[in-house]
């Protein structure tokens, strides 16, 4: 950490600040006295020092962090890839996992039909929404607990591990047979939820918030890991920008950046990123080429009757055609789907 | 709502789509057959129609909403200002309310001292954080329930109504004596929390999310109002942009825009918007000049020892000096503080 | 400037880097050897050091600038406000200047009528576009040289100093009788144009680019000043964000920030920022309250027949009503319009 | 185009507006009278109608464009890919073009060495900057005309077609032997320059502005094409977002979107998008996988001595290693490099 002092700070005031910082954490403080500015270099474990407290000192002009504020998620302290095992499906290794299914569960028939179709096409995990985050209180909010039961029937019928979103930490007991619990983009900084998910053992799929930096994303993973649950899979799903043609802007650089900064698996959701069906194929290919460990794709057996997000859902036959191409690209990249 | 059909849609297909849309909601559908494009104009109450479902029809190129999707928050259906009464302090009328206090409660002595100081300077409500949303799991998380008790002591000692943030809906019973419950920016789209807050009677202070549009902000207010609780106060607190000099960018236009779109009171938080102490004064003045119904300002008796957000906190003497100016500006604007 | 070296840099490599940096500029380099990271503190005049060259050294992890990269525009080296005199109208002092007029000049009758109306209402300078930057090649591009002549007639008829935009540096000879040359947002980083404008003596009105940081804005002012022309007035006119309700988002914080970082005058264009007529009043008031030295407002005698930007233009009677309020607010702020 | 009228517009006023719109352009106007809102559907060629003029009518609430405002760049009117031939290198067909070279030309030795190296590695065109757009007036501005001469020597020595940036339209005569003239991101909306480039015959490489939408990007291409020069190649190079880890955010979706909206070739510049050397490989692969027609990559023989943008430049050996992988990926995608 580097602390820049204000112009007119005296040597005595500087000495006092050095003493104060040493009290705040177990660090050494090295001053550099410049002609115009004095800089303090903090050496040691600065992750426990609250940058805001230092910034609030009236003699401090600016504070710049040099080390990443995350530890357990940091590849520096854990050079090898973490492999997260979701009911036998391994994320982070040579297998590319493809999670597929409808945005919302609607009926038993629908979810079982889609589940069978995506399995046949090569998807390795089933997704489906029972509790749905919707911008409008007047939109379909998902089937809730009943939806979860239908999803479990589809899991049973196909043997596919199940991924679904939690929106209320009080629902956790209902998720006992869910294999991978999704934290949606809007809850990425619902810290109370993250803390609770840190206390369980189940793998967590953490989606990046719409306007969250990569560092904030990793700090949210750190919340879960700090609680003891190291089974976290990260999902890039598009960020909010000024461009109106796509629902969000897929931040493809986030894939190689995250793979370098953290040892956790990283997947991409091209369906939510773009919000447009025909962009799913090129964005899925880009994600694999950039090094993603998996994909999450919306598929619906009848998109125009879907109760939510139909515009971005593929039909099973479209999904099948894309999967053929993705399997070949995976092989080209030395990986394997299914 | 206007539905634009794809280029090659036939008259028969268009007729079928018209029938389908009529089934979806109680609307009339008027087609305009152009040389290149057919447009459908939907007339009636379109707020119950799910725009995603229409968008997912394979013949639909695009759907554009014309009416606002919010009803209870909409000024069109409620032309007069709503006055929200928080323990006698009225938001939305001729009184300008100033909520002040520290980011985090730390000790009984601290909170009572600050409370007395801000009251003396003219603040009308006391704020203080007991449950704190922090990006890092290693930062101070607030004193929690103990902090809430200290806040209530300060309320008692000064007679000021109390504003504090809820981060977990399970904590609601602890907020019985809190006068205005704050929903933070990161929870603006925590829909499960909004639904629960819709069931109570207490006023809610809803902060705009970092990257949420004004329409999404109003839809979140609509969630609370749809549940039956119409006591919602909106707070603009800065949005995320590319500019690095300020923590966030205060969207000053949001104030007059919200005042026109909704009948709910609108206040501004200049402390979080900028993250810089000396910007609080000019931004507070700009907010009043733009028509805000109130302000929320961080004040700490010893900012450089503050456990969180010290950099943006004013000292009581600085707050007092600013309040003198704000009171005069309020009078100039035909309003009144304190 | 602070240079952070990579993890595994040896002491010998560090010594070599120190020698190399000393060759690049006239600076002292102080190393701090940490347990994990070595930091180099550069002391002296670092403004001539190219940050990119240092960043490209294979041992360098990161470089952080501590001093501002602008000199002539920097208030640190020029504490007093610069007063820019535009044909007798002083920007940057106790007078608040209001520049008003139509987006585009259309006819002699129109521009003279508007000029007289805005003068009567209290505007102190006349604006009007002869060369118009339009997104579409098929939109009206302005009357060009003929438009400039009409503007000069309006200047003569009213005695108001004239402000108009230059889009091509080859047109400079045509601007001889223009009093304040505007560089539009899209040309803020047209460095070739800035260099040429640095060679003349005439005041320049530099508008902030749609997605430019405050530092980049000041660096563009620095381009003009480095050439010898210190008569630069800065204009905040809204930045591009994700919010669709307004054309741009007025960055109101830019006003006090710029006033602190630079000694140059700062004005606000509320018409282009919002793109909505009825927002001009609250945003103008906010700008004055936040400390702006002036305003630039679009006024048209018949907005619905305007050939460009009619939606954001006020009618003369609306402008007059707003000016009444702004004059009073200026007096309240210890300033004066007209 | 759809025009939404304000709430209280009478039938007579509506009739008058319809007459007025018909005068503005050769269109039919169909009204839909709703219970709350009247909508006008405009049918015909609306590209010549100025949306701002309609928006400025006091009875108009909102105007929504349905057809794209670009014609010559629009794939709808030109379904086949345009192949742009740059001295024998074809952009937009089955060949993937790779433009490589240093950010700035520095010496004859340097540019010839790099040119030979990138040619040997498989690059098909040479890039190099002679006129450099730099944020700071104190940074190296390029060698200018001398630099251009050195570039032409490197072209002669290697036979590679030359790509370089124009910053001042008055320099055009110097570009006679340049094969592909680059318009940089900061000049994407320098409309005066675009108009001049529309009058010549040489291919133009148009880079997307930092904060420009895809529609604005295509409108700038339209400026050049409207002048008669249809040899335009589009280059996505990253947009400005809130994420600080990369210099810009590569908008990978822009590749398939542009390929669908326009018939022009689309390439990607991964070096400027990320600003980080080690991201060039994954982003180049993502670009090819997403359907790009080519790449533009910075290579320098001694990046740490580079006078500009060293941090994002590859060494020739690194470039060679990446090219091996890209050639294979191109073949996998049914394309061909070199």
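The letters A, B, C and D name the chains in turn, as written, and every chain counts its residues from 1.
Keep this in mind: contacts are C-beta pairs under 8 Å (C-beta built on N, C-alpha and C of every residue); 3 or more make two chains touch, one makes a residue touch a chain.
What you see is a predicted model, and the numbers here were worked out from it, not measured in a lab.
Participant: Which chain has its C-alpha centroid at the greatest distance from the C-alpha centroid of chain D?
Facilitator: Most distant chain from chain D: B.
Participant: When contacts are scored as defined above, which chain pair ends up with more C-beta pairs, A-B or B-D?
Facilitator: Spelling it out, more C-beta pairs touch across A-B than across the other pair.
Participant: Calculate how many whole Å lie between the centre of chain B and the centre of chain D, each centre taken as the average of the chain's C-alpha atoms.
Facilitator: 39
Participant: With chain centres defined as C-alpha means, what is the inter-centre distance between chain B and chain C in Å?
Facilitator: 31
Participant: Go ahead and note the Å separation of the Cα centroids belonging to chain A and chain B.
Facilitator: Those two chain centres are 26 Å apart.
Participant: Multi-chain contacts only, two chains or more: what residues does chain C have there?
Facilitator: 211, 240-242, 244
Participant: Show which residues of chain B lie in contact with chain D when the two form their complex.
Facilitator: Interface residues on the chain B side: 2, 4, 7, 28, 30, 32-37, 39, 41, 43-44, 62, 64, 66-67, 76, 211, 240-242, 244.
Participant: What part of chain D is in contact with chain C in the complex they form?
Facilitator: Listed in rising order, the residues of chain D that touch chain C are 47-48, 50, 52-53, 55-58, 69, 133-140, 167-170, 186-187, 189-192, 195, 209-211, 216, 219, 222-223, 226-227, 240, 303-311, 313.
Participant: With touch defined as at the start, can you tell me which chain C residues reach chain B in the complex?
Facilitator: Per the stated touch rule, the residues are 211, 213-215, 239, 241-246, 249-253, 255-257, 260, 273-274, 278-279, 282-283, 285-291, 328-329, 332.
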